[in-house]
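Once you scroll down, you'll see the structures, which are given as structure tokens.
Here chain A shows up in two complexes: once beside chain B, once beside chain C.
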Partner chain A sequence: MTSEEVTGPRGQVGPGAAAGTALARPVAGASVGSVVPSRWRIVFGRFAGSWGGRFGGLLLLGLFLLAFVGPVLVPWSYLDKDFLAFLQEPTGAHWFGTTQTGGDVFALTLRGMQKSLLIGLLVAVVSTAVAAVVGAFAGYYLGWTDWVLGWVTDLLLVLPAFLVIAVLSPALGQGAWLALVVLLAAFMWMVTSKVVRGMTISIREREYVRAAQFMGVPGYKIIFRHVIPNMASLLIVDATVNVSAAILTETSLSYFGFGVQAPDVSLGGLIADGARTAVYAPWTFWFAAGLLVLLILAVNLIGDALRDAFDPTSNRGRR
Partner chain B sequence: MTVLEVRDLAVRFGETQAVQGVGFEVARGEVLGIVGESGSGKSVSVLAVLGLLPPRAVVSGSVRLHGRELLGAQEKELTALRGKSMAMVFQDPLAGLTPVHRVGDQVAEAVRVHQRVSSKAARLRAVELLDLVGIPDPARRARAFPHEFSGGMRQRVMIAMAIANDPDVLICDEPTTALDVTVQAQILDVLRTARRETGAAVVLVTHDIGVVAGIADRVLVMRSGQVVETATVDDLFYRPRSPFTRTLLDAVPRIHDHPARSGYSGRPVLPPQPAPAHPGDARSTPPVPAHSGEARSAPPVQVGWGAVRRGGRAVLEVEGLVKRYGRGGWVVDRVSFDVRAGETLGLVGESGCGKTTLLMEILALGAPQGGRVVVFGRDTAGLSGRERLGLRRDLQVVFQDPMASLDPRMTVHDIVAEPLRAHGLPIDRVGGLLRLVGLEAEHAARYPQDFSGGQRQRIAIARALALEPRLLVLDEPVSALDVSIRAEVVELLLELKARLGLSYLFVAHDLAVVRRIADRVAVMYSGRIVEIGPVEDVFAEPRHPYTRALLAAVPVPDPVRERARSRLLLSGDPPGDHLLRPAGPPSGCRFRTRCPLYPGLPSVLGSRCVSEEPELGAADGAACHHSSGGIG
Partner chain C sequence: MTRFLLRRILFGVLVLWLVATTVFLLFFAGPADSVARRLAGPRAPIEVINQIKDTLGLNRPLWEQYVSFLGNLLHGDLGISFISQTPVTTLIVQSLPGTLWLVAGSAVLWMTAGITGGVISATRPRGLRDRVTTVLVLAGISVPTFILGMLMIYLALSVFPWFGLGPGPYISPLVDFRGFLQVMIMPWVCLAVVQAAVYVRLTRGSMLDTLGEDYIRTARAKGAPEHRIIYRHGLRAALTPVITQFGVDIGTLLGGVVVTESVFGLQGLGQLMIRSVRDGDLPVIIGAAILAAAFIVIANILVDVAYSFLDPRVRLA
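Let's turn to the complex of A and B:
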């Protein structure tokens, strides 16, 4: 082939503005193979294609179904007490047995799991998102943005989180679990945000960020398009760890009588209660604990699969 | 007397055959150059000789040192040999030195590992060795830490450590690749000294065929893990037998020939590559083949040679630009130049001379600390945000390292579409842009890591062209690439410039590339432009002593000329290379501390260099009081 042939299809590419229309032409006739899926479709495809992603997703879906559909299947609700069966082994009537006060462990566990699933996942996602955004903005813009955000971060770090939540949660009243989510998330993001800020400072010096700046891409877009995706590994690991941390924090709050209030229950509260009777009535403890382990396992599998899906250098999860 | 003999060496990493059938021998005092592009197996070969490959590498063949077989020898035996009979100098001199120990102690340790001497004697020997490799004031510098040394100094220390035990074989893996050209010349000189002092056989691995011309006796050319040609240095350069060697030689741009006259093709037509050889290449996706088959066959586009029109409208004017960080010295000091429409200005200088800072100042399109930047007739100091955004469409940038400048987490499509999205333009142009730079539109769904270095740089160029800019700023766009790929990318840039009517501000430390692409050239030293003018004039008759030294330091791929050439070695390091930067530049002429002219000047003339800072002439010229060589 000669150069004439090379320039043939785009030979119209002249200097200046004419190039635009000429460049657009070949694309219109491009083959189907050149249709480019968006970044999120590629990430999702890789996620769905991985073993961990599929299994973790199914497991989490199963847990959700169990938690929200399961209570319909049994005649007992978490409020009911069976005064004919105290601390009974699992039977046909009580699938997971009963507690000392005659509560149905199956109903209680599922009710607790509803709370823990929502609290754990939401707190993890919210706190990691806040950490990423605050840290990235502080690290990217530096200057007064960094000063203000850093000040807020430090303030929240020095506040005794447990005490603040303990004092506030009774004031929130019954059923205000969403407020609890916000409170828990508000005290979990600071350390990660400091790490994120440090990483952002190094990422903003990278040439691809420079290139985006010189293209005229505004700063907030650079943060969401270049800075945060390049910290995906850290953030996903952080979110995964935060799920269990949130559930455990909620547990300890419940243990002290804050957090999820009786008669409502959470997985953490059930485990704390069950631990006392676990030796001679293992069903009061092991079902709740086992489901918590399954939940954390599902979250970890999803986290790993997501991390690999985001990371183009990873060959795992690629079809 | 043959010291090292390698026969039929083969290295396999799992399924990948990295090296096959490599054989060579080196005699005492002889320098063997091993030349090849990245992934040709040259480093793997020498690491196999030293027994330093990871355990998963399967090595076969024979490596004999003084007739003693090394392959399959006990690790203990090899450890005793390494550093004593066989020593190695690596590419990155910072990685080879422990940052927390004094340099002298590290050299002394190298002595004591293999010799039973007192620590005091070892220290004395260390100072001797540092002196031998040309470190000034060695007794004092021996007590310094590695970070207080410049890159060139560190490489000297590495050589001192390598020759500490009078090795029989000295293996140097790309010893000068990370260094500036004037420092490279110094290090090559130190290697010559080292060979003379120790009488060692030297194996010099490099991708730069110019480097071997001046120093090697025999040369081995490698490609895809196989030896393509072994010849004496003269035979190789004047009578290359293999077509690959010829293309390799052709791909080396020469600064001293006029490109148009010499018929430098610049487009090496490489025979098809047999197989990926480098273990690093063994990825799940093979690198995408470039469209280069077509691109290569196009005749080189000659732009503006001989007839440099300075009449065009100025697209970029820089006047007295100043930049300093904090209270430190001026990184960019009163720099003035302009770029006309359709013109390429090459900006040349060693690391730390301020050229990247200068570019960043221009690209920021903000108000400079001092002076003026005028882009397409608009002063950047008074721009509103909207105007600045509009101006960015006309001014785009290509960075040095295409791996660093492409977001690894984005697909090629998203990377090229990014500037279009930022300016609200339709993104259906991406496929056309990729084809424009010689890639296929189908590659858009892949990630940057699936491409080779040259292809990545093409992606970066496509992204820069997406907004149809009129001025492209190129920050060392080819210095991270292999020689043959480099030529391809340079040709692509020339072709694009001619077709799209672009102007380039081309920054490089590689003078030969600037020679090829630029119409005018500006030489920077320590934050100032010391010489500026049409490229032919500056290269043919450099007026500033620094320009002369820079040109002299470039190795010429011509053994006879290289040996005969009078070496104008610059002493010292580029000013930016000092990590502990001195308080500021010297008074008067900044270059005087390294100037080869200055010490020889009569005191009457010399005093002017101390008291008065030379300024550039009106438009073109050199900032030197004695540009005619100190005579007038």
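Let's turn to the complex of A and C:
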């Protein structure tokens, strides 16, 4: 979906799509690590040792705390209207000022951040899980399973995701943000699933998979116990990349009014509303826009740091 | 080659038929009532709504609508817009130039910036220029298009008004070239910033992989000059994945650059989509969706063909 550029889910031109191919590399590392616990410790050490990992992690933690603890600190909720303060500058009573209808910008922005964070994380987990399962089943069984799943994947890649989601999401009704999560995830898993399929085809020839087959372990058990765990590094990095892609798509949709529906708020909707008053009341726009950029930046930093941490060749350029 | 092409085209037609059917079912089967209600207004009596559904053919059984829809589609007829009563093909043809110019101009910018940036940062990994590029790329992928676009509009209108740049509908370059540039420059840059960031990453990664190959070491050992190694030996091979991504992106973007077009009010396909979704204008939505899918399918076929020219290891069987 880029949205186009974001176009996130869609044929995903976004960062996700490009990453999909780049992601194939860490896999080599996955098979090399024979001592599992130490491998995870190495990865974590490299992640925590990198500037991006530390800064991104702290930033995301800070934003999380702000989004979920912040609302407790102020007397206003995102539904409240202060009829004594329309379009007021930031003051002690309204930290981020108020909107044209007297809504507290601080409470609204934090509510929007909560929604964006939740939707982003859920969509990423769901879409990566779908990618793993579909790709692994197609690659493990091949034959007609592969054929059917391949067709579904290709069809979804061609469907204009932004348009389909835009048409369907308002029809879902109010407060149905979980359905929005499903819709977004439905258009975000295809590229990864193709990568997973390719990797599964090579993993299924490994000795331990052969051994399990001869012991009579059923296919679905082999997939969940041996195939998918061996792609953990790819899937973790992919899920992180998908978080920012999902947040971008959701906020773009909400910016047009097709995503999160009123009375609930999303950062995208807030930014669209704020843009109308931004020139003479900049606080209605800048807080939401700034926090959204910081949020995506934090997730991207973590994604990059994770990719480097998992990639055994990432030291190549280092002297 | 001919057999490969034929098979790919047949496959593409099949995919498009599936897309058309899916889109038809998704959009047409659902909210016929709500469309009629929207057209009639919130307080219209039930008879009016039924009459509207009759004239639009929404009362016929679903399969009958589907058959006539497919038949018209085969004749290149996408139906008539519920709202403006103009043929959908006319609406699409009207909005196409804006999107085409936007994508074409922007593609030049992002390919130039993306490949240059990628090569610069790959030749000295972790050097100063690589680090600066990395930070810029991070900024590029972290700022949503609609925020970047609104920032640019704000700057153009209030800080640099003497340039005469501003948001507005597409103007043909044949009619008013100056006006065309004034309207297009900002959308070009806005779309290119986000895209270039992705391409810098892609080129950098692909370049690093290529520069690690044995034949590069051989070229170095022979004493070939560094610029020759980088551009003739390295970049040429490294560009294959970049070209693939380029084809896919062009196909996707031609189907409508929704966000950029809408922020700048460019009146292209993307904005036509947004408007038709807001109005519940089903024939236009379906037409736009099929067109977008067709662009992607065609782009994919072209990419496969280009691949066989770029990479001698690929043989089309």
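In this section, the second predicted complex is superposed on the first by the 178 of 319 C-alpha atoms of A that agree within 3 Å, B and C clash if a C-alpha of one lies under 4 Å from a C-alpha of the other, contacts with A are read in each partner's own complex, and residues count from 1 in each chain.
FYI, a residue touches a chain if its C-beta (ideal position, glycine included) is under 8 Å from a C-beta of that chain, and two chains touch if they have at least 3 such contacts.
Treat the numbers as computed from the prediction; the structure is a model and nothing was measured.
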item: First, second, both or neither for A:Pro160, with chain B first and chain C second; value: second
item: Which of chain B and chain C A:Leu297 touches, first, second, both or neither; value: second
item: Touching partner for A:Ala275 - first (chain B), second (chain C), both, neither; value: second
item: Touching partner for A:Val217 - first (chain B), second (chain C), both, neither; value: first
item: Partner chain in contact with A:Thr251 - chain B first, chain C second, else both or neither; value: second
item: Partner chain(s) touched by A:Arg206 [first = chain B, second = chain C, both, neither]; value: first
item: Footprint overlap on chain A, comparing chain B with chain C; value: 2-3, 5-7, 10, 13-15, 17, 22, 318
item: Contact footprint of chain A on chain B as seen in their complex; value: 284, 293-295, 297-299, 360, 363, 388-389, 392-393, 395-397, 399-401, 404-411, 413-414, 418-419, 422-423, 426, 428-433, 435-436, 441-442, 444-445, 447-449, 460, 463, 467-468, 470, 499-501
item: Touch list for chain C against partner chain A, complex; value: 15-16, 18-19, 22-23, 26-27, 30-31, 34, 125-126, 130, 138-139, 141-147, 150, 154, 158, 191, 194-195, 197-198, 201-202, 205, 208, 212, 241, 245, 248-249, 251-253, 255-260, 262, 270, 273-274, 277-278, 285, 288-289, 292-293, 296-297
item: Residue ranges of chain A in contact with chain B within the complex; value: 1-3, 5-7, 9-10, 13-17, 19-20, 22-28, 30-31, 33-34, 36-39, 42, 206-208, 210-212, 214-218, 221, 225-226, 229-230, 232, 310-313, 315, 318
item: In the complex, chain A residues that touch chain C; value: 2-7, 10-11, 13-15, 17-18, 21-22, 151, 154-155, 157-160, 162-164, 166-168, 171, 244, 248, 251-252, 255-258, 268, 271-272, 275, 278-279, 285, 289, 292-293, 296-297, 300-301, 304, 316-319
